[in-house]
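Chain naming follows the written order as A, B, C and D, and within any one chain the residues start at number 1.
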Amino acid sequence: MKTGKDYLTSLRDGRKVYVHGARVDDVTIAPGLREPAEEIARGYDRFFDPAPGAYHPMFEVPRSAEDLRARIKMVFEADFTAFNSAACLALLGARGALRAADPVYVERIERFVARCRAEDVRIAEVISDAKGDRSLPPSRQADPDAYLRVVERRSDGVVVNGAKLHITAAPFVHELVVMPTKRMKAGDEDYTIAFSIPANAPGISMVTVTHAPRGDDVRHFPVSRRYAIPQAMVVFDHVFVPDDAIFLNGEIELSAAIAHSLGLWERLSGLAQMAEHADMLTGLAHLISEANGVSRAPHVADIIAHMAMYATITRANLEASLTQAEITEDGMAKPNELYVNAGKYYAASEYVLMVRHLHDVAGASVVTSPTMADLDNPDIGPFVEKYMKGAQGFESAHRMALFHAIRDLTADVLAGWHLGSNISAGGGLMAQRLVTRNQYDMQAADRLGWSAAGLAPGADG
Amino acid sequence: MKTGKDYLTSLRDGRKVYVHGARVDDVTIAPGLREPAEEIARGYDRFFDPAPGAYHPMFEVPRSAEDLRARIKMVFEADFTAFNSAACLALLGARGALRAADPVYVERIERFVARCRAEDVRIAEVISDAKGDRSLPPSRQADPDAYLRVVERRSDGVVVNGAKLHITAAPFVHELVVMPTKRMKAGDEDYTIAFSIPANAPGISMVTVTHAPRGDDVRHFPVSRRYAIPQAMVVFDHVFVPDDAIFLNGEIELSAAIAHSLGLWERLSGLAQMAEHADMLTGLAHLISEANGVSRAPHVADIIAHMAMYATITRANLEASLTQAEITEDGMAKPNELYVNAGKYYAASEYVLMVRHLHDVAGASVVTSPTMADLDNPDIGPFVEKYMKGAQGFESAHRMALFHAIRDLTADVLAGWHLGSNISAGGGLMAQRLVTRNQYDMQAADRLGWSAAGLAPGADG
Amino acid sequence: MKTGKDYLTSLRDGRKVYVHGARVDDVTIAPGLREPAEEIARGYDRFFDPAPGAYHPMFEVPRSAEDLRARIKMVFEADFTAFNSAACLALLGARGALRAADPVYVERIERFVARCRAEDVRIAEVISDAKGDRSLPPSRQADPDAYLRVVERRSDGVVVNGAKLHITAAPFVHELVVMPTKRMKAGDEDYTIAFSIPANAPGISMVTVTHAPRGDDVRHFPVSRRYAIPQAMVVFDHVFVPDDAIFLNGEIELSAAIAHSLGLWERLSGLAQMAEHADMLTGLAHLISEANGVSRAPHVADIIAHMAMYATITRANLEASLTQAEITEDGMAKPNELYVNAGKYYAASEYVLMVRHLHDVAGASVVTSPTMADLDNPDIGPFVEKYMKGAQGFESAHRMALFHAIRDLTADVLAGWHLGSNISAGGGLMAQRLVTRNQYDMQAADRLGWSAAGLAPGADG
Amino acid sequence: MKTGKDYLTSLRDGRKVYVHGARVDDVTIAPGLREPAEEIARGYDRFFDPAPGAYHPMFEVPRSAEDLRARIKMVFEADFTAFNSAACLALLGARGALRAADPVYVERIERFVARCRAEDVRIAEVISDAKGDRSLPPSRQADPDAYLRVVERRSDGVVVNGAKLHITAAPFVHELVVMPTKRMKAGDEDYTIAFSIPANAPGISMVTVTHAPRGDDVRHFPVSRRYAIPQAMVVFDHVFVPDDAIFLNGEIELSAAIAHSLGLWERLSGLAQMAEHADMLTGLAHLISEANGVSRAPHVADIIAHMAMYATITRANLEASLTQAEITEDGMAKPNELYVNAGKYYAASEYVLMVRHLHDVAGASVVTSPTMADLDNPDIGPFVEKYMKGAQGFESAHRMALFHAIRDLTADVLAGWHLGSNISAGGGLMAQRLVTRNQYDMQAADRLGWSAAGLAPGADG
């Protein structure tokens, strides 16, 4: 296994990363990137085990509901690239489908996953294409590269062009797991390509945006100073992919298999995070209501009850998705797709109301509280201390820290990223409605409907 | 065990039942009461087992999540008084608390439950008091009987006065299980009384309302002709209760123990029924969209997806409440109170939107469809047949039956009862918010809140 | 002008009306129909003026926002067929479009409206076709009569076949104003037919449903005993329409003109009724909270504030639709279509939550309160009186009457009709969203969007 | 009237302003403050009129609904301190109440307003106190200065201590209009003090927070680079207020009069801004859907229709508040309080859903789009240009500018400020519900309720 130091060293591999228009030579020291790199390094150290054969639990294949539960707990304790390790599970989960097309894909996948585990590497899930005009299919775009595609076929591999958007943590991983974004049709064979590729492979560039705090004083950003994860547009400019790294190549009927498999794990992660987040926001609402001295006001208590309700319903869906997990023929436990989707939908679509509730409880100081630097200033500090005092027992500095945490989580840069990505992750709210509709047992519902009408099931239609 | 015929015979026991101002001599033949009585009788027959010692599964004590799941399934297959058997579970579940007060209560409860099981009797849950002015406690009401109370204490029992409202199926049961409606305070000792009493005991009258179809043609009411369950105001006018039937007598600190225990089971029933109902309404929306030929219209498909989402989230809460069940010291499995409440709240508060969705999909024929009698009429029938035709493959009569089922369930007498009782059952939406707030692990949430602020848990407050 | 007696006499004209499978010989005496007929007759008498040339204000053409406001007030004071008189306004409002096609249509419309006014007749708006398979256009239906159409053209008129659904008050009017339900396409000329026809014309039958109280004791139905308006499927079986009564005949490009014109007035009526209804439900919530003694409970006061909010927002839309009325070239004031639609949408889609709020405030007695007949019963009446008592100052009988009103309005037969028709009137919620989208000034919104992006309006796209 | 240059000069008056812990010597050049100062200066120039006696229209007293409408239009064209000029209207609007207490207050107010107009000064509304423990009244706080109060009374004025929070634009104005935050009780006389004071008066310090863009490249912040308005905690440390500037002094029964009067104008501003904002967000959703090529996808079109609905309903409330304005005895037009509050509540409480809709339409590039600097980079720029291309006719740079505008408005620093302040402005959602409840005509609603129950109004209660 790698130590944190090994990890940081490994990132100095010539990768081409750009931030706000400028090339970054070393992601481990550049402002806005250094902090997340160090956060991941600390994660490596927390899980480091010098024993030979030891590996990070993110590479453990879950075989039961309990394993799934353990995995979720682990992900919160590990660094945030642990979410991405779901790409390995997705590849393994797609084996059933891929085996039929060509058993060699399965062998390559198993080799790739074994290598990731052995070398303790971090990976990124690389899916969304640029898409150009979304009303047109890949093969009818004005620019044929709007979806990533094979532009040249060689004896030992393929060459690809294209760009993948919204790639979480891309500048911090070793391997990119690339797959088609959706179901392809006849004529889209060149767009039907899945593979792994090192992040520093020739022809790859990463245009990165960060949601890291933009100010100097990290005390103003108690959450985002630790958890702002960059995203990148990953550009593929004539990138060579050797055969051994290819997991799918032209089989249009399987084009969506890996992405679909991954979608499930991504939404599970999203759901688990939102369940945790829901508890955190509820706790902040409760604490600030006490700091303000309003926790017993009926309308405040009732808003907090609404928040606890949201948190509980979100968690109920997570629970149901685990205990109703499906065990595949390979013995892998897959969370229940129906509950994962419904839960992710509920949590994401109601999340904005949680933000509103929290702001309603906390008041305007969420966005107007003085900073810790104001508190330090010898002239004005004593006044800030005096007037930011709330209910007895709460220090002004602590009350201010709560306001800053609330602002940082729900009314600032990282907050914006949460709002935007909660909705977009997994393809927008419509996508979750579609999956729920497809996974829902409509035949059973129809039977109840016929029965209500006093008719035999399937009387018509 | 009793047969259906035994059951009907047993109801002719002199009980005093009134409907719409008139005394009913025999509930097994009176219009509006005969139908539910026969429905229960059929339930007896479905579960009849002549073997000695056989008993109805509604009296089985659940000991695991699986038992709870089986119990829910059984309740849907049995007659609707099976819900009420939860009163036995509630009494058994309160033993822990009552044992401390007086072990004799526990003995009486166990004897009572054993007798119910042996004699295959049906029971009612008798809780809500008349309450008078709700802003005042029992002992300060203008009429001291506004809450049921002991008006006389004798050597062998007590005499009670009062009225209990909204008692489901009261005219159809053998035993009433009576308990205080809420936590009592010092001075309320006479109001702290729980007991069982036969439905035909002297001094008991039942003022009954039905939501049975008010028309002659039951084809117009495919659902309510079977499932309209009467409720009654049960009046206690100097009713003698022997000591052996008393389960609580003056211990104000335990006054809410049985009702609280029962509340959990009632909300579980409510949640399970609403989960079933949600699937049924979704099925009806789907079927009528096909009958109308609009199932592929995007906005219709999307509404149905919303309905499937509601059904799934409701069921996720039910699932979580079962798999996270608590096993009591007596070995009884109690569903998880947090998930039961949150689920019941979600389902009840969003239910009205399901009704709206269903009406939006089905269209105005829900409330204007001709009747089956119109179809039978030789003059007008052929026109009704001709013009109520929808998409190919659906007979007019079937499409009309679907409209009638939707109306009966969501836009007619029984529908009104669903709307009203969904909200009120378990004490109104506020009650569920309160219980959720109390059961929610706020300390864990607070810890996440402190952590977000970068402070040690419990830094203040 | 007609007196109420004149009106009742005029209904005995041989019209063919069916209810629940049976022909009704005289709608003025048949149970379920007599009550609404008498309600309309009383409306005639309230507005009767023996002066020559006097006419009912429902035939007044509004020329200003104030006239529109006066019209709304009048409609609530008149009988409920006053809503239908909007068909005259719709015909007059469509003159601009029809004049271009053929001036004779305008002359016929003006003659028809003048005759309605002079003879004080009542009319019905006859629009929705049977529609068969809704995924198919009129000319591709399995049954060509699925949309009403001309089956024969004669020298002096046309013969039509078809059925029109959901026709409010049809059995109680003198004239049916029939129009196509939607925009027709080339080949649909025979479906493009608008006309007036007497309700007793040969070949017309009306299959009627009522939402009148189904019980004997009207005290149990304080609202619906007065306001249950029957709907009918109106069947046209080879009905001859003379030329002079035809307002549109084959001009497919104008097929939707009258219905669109009428839709605006229908939605205005719907919006005005829902505004009134909203105040009524808020008042009932407030009164029952006082009767129950809970009006000061914070969560109850807050629910009532939510209801007042809904009522106010609904009324704000009504206000805006009146004060922003458009004056046509003919000098007629038309309510603002954007606000009418948005308001109708808001009110209809949130209405179900008002019902939930009211039930949440009122409690389970909404569906379980004893009847007035129970109160009259000498045995049980005193107990009902004693135990239905609420807060001081409220008589039991009055508190019960409030419960009955709430049930009748929101949890019984008429309530179901409200729920269903609120949503379906005006074509379902999607229809209102479409109209709002079309009427909304998207170009102005786009300009603001471009400006936010720092770009010139219309930079692209 | 002042020019922009005059204005900037006038701000260099020794005022004590702190930002992030450091004293700012000159607010017209400090980063984060310079930009808004210049924005205001441009506003001065736009309205400059050299004619003697000319004055800014923000000081015009509205006398009709049309004047109110004109005022709203003017505010959007003027600089953002125009909102604050409502403090003058609020003072004038409170004259009726204050005249009874002491006519001298009225004279001082009129002199103050005349001076503001003559000298073209900008003012701030200074209301919210620090409040300490919100469960306690002013006089029972641990720190008696938790609410601003008179600490010394002199022959020619008073000396005050305290702090006022969330003071919009405070560092940019000339005069602070200070008033009590709420209704005071007996014993709170020293807290009942209203006055005006120059922003640079001895003893005043302003602890300022900005929501200005934190990055260097303003192209990334097309909205906030212009509209980020700082807020300040304004500290009063033994500030002397001369008699002539005092508008209220100890009359506890009038303590809330000015704040109440101001609240109405503040909420009107909030409502007008949210109506404008709603159109802007709808326009952005529409434009980005076209840029993405998805504007014809049914679910996208439907989301945009929902947004247009929100914008329309918000505007309907604004319209109704203007056309139903009340004309005071002084001839001033006051917007209708009921509609202002209901509208502000609706707009603020549903706003978060607008943000969700916009994110759902726009997709993840809202938070991951590369910057304009990336587009400028010679290495990576061509790829950004190539892959950020959307539907034909949209330049990549324009599509990116739309994403940046959406992020800046709804998913970044300024966005957070909008979310937080929308809810908190005017006192939280509960405050609007309370005002609506108080202003709503409950007696009229009760009459409808009694009537529904078939009873005479006021039968009981």
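Keep in mind that, in the parts below, contacts are C-beta pairs under 8 Å (C-beta built on N, C-alpha and C of every residue); 3 or more make two chains touch, one makes a residue touch a chain.
Treat the numbers as computed from the prediction; the structure is a model and nothing was measured.
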Task = Give the fewest steps needed to get from subunit B to subunit D, where each step moves from one chain to a chain it touches.
result = 1
Ask   = Compared with subunit A, which chain's mean CA position is the farthest off?
value = C
Note = Averaging C-alpha coordinates per chain, one finds the centres of subunit B and subunit C separated by a number of Å equal to 37
Ask   = Centre to centre, by mean C-alpha position, how many angstrom separate subunit A and subunit B?
value = 42
Inquiry  = Rounded to a whole Å, what is the gap between the Cα centroids of subunit A and subunit C?
reply    = 50
Note = Within subunit C, the set of residues that touch 2 or more other chains is 299, 302, 391, 430
Message = If we count contacts the way the header does, which residues on subunit B are in touch with subunit A in the complex?
response = 219, 222-223, 276, 279-280, 282-284, 286-287, 290-291, 301-302, 304-306, 308-309, 311-313, 315-317, 319-321, 323-324, 338-339, 342-343, 345-346, 391, 393-395, 398-399, 401-402, 404-405, 408-409, 430, 433-434, 436-437, 440, 442, 444-455, 459-461
Key: subunit D residues touching subunit B - in the complex, by the definition given at the top   = 298-299, 302
Query = Which residues of subunit C touch subunit B in the complex?
reply = 18, 20-23, 128, 130, 132-136, 142-143, 145-146, 162-163, 165-166, 205, 207, 209, 211, 213-215, 217, 231-233, 235, 237, 292-294, 296-297, 299, 349, 352-353, 355-356, 359-360, 363-377, 379-380, 383-384, 386-392, 407, 410-413, 415-417, 419-421, 423-425, 428-430
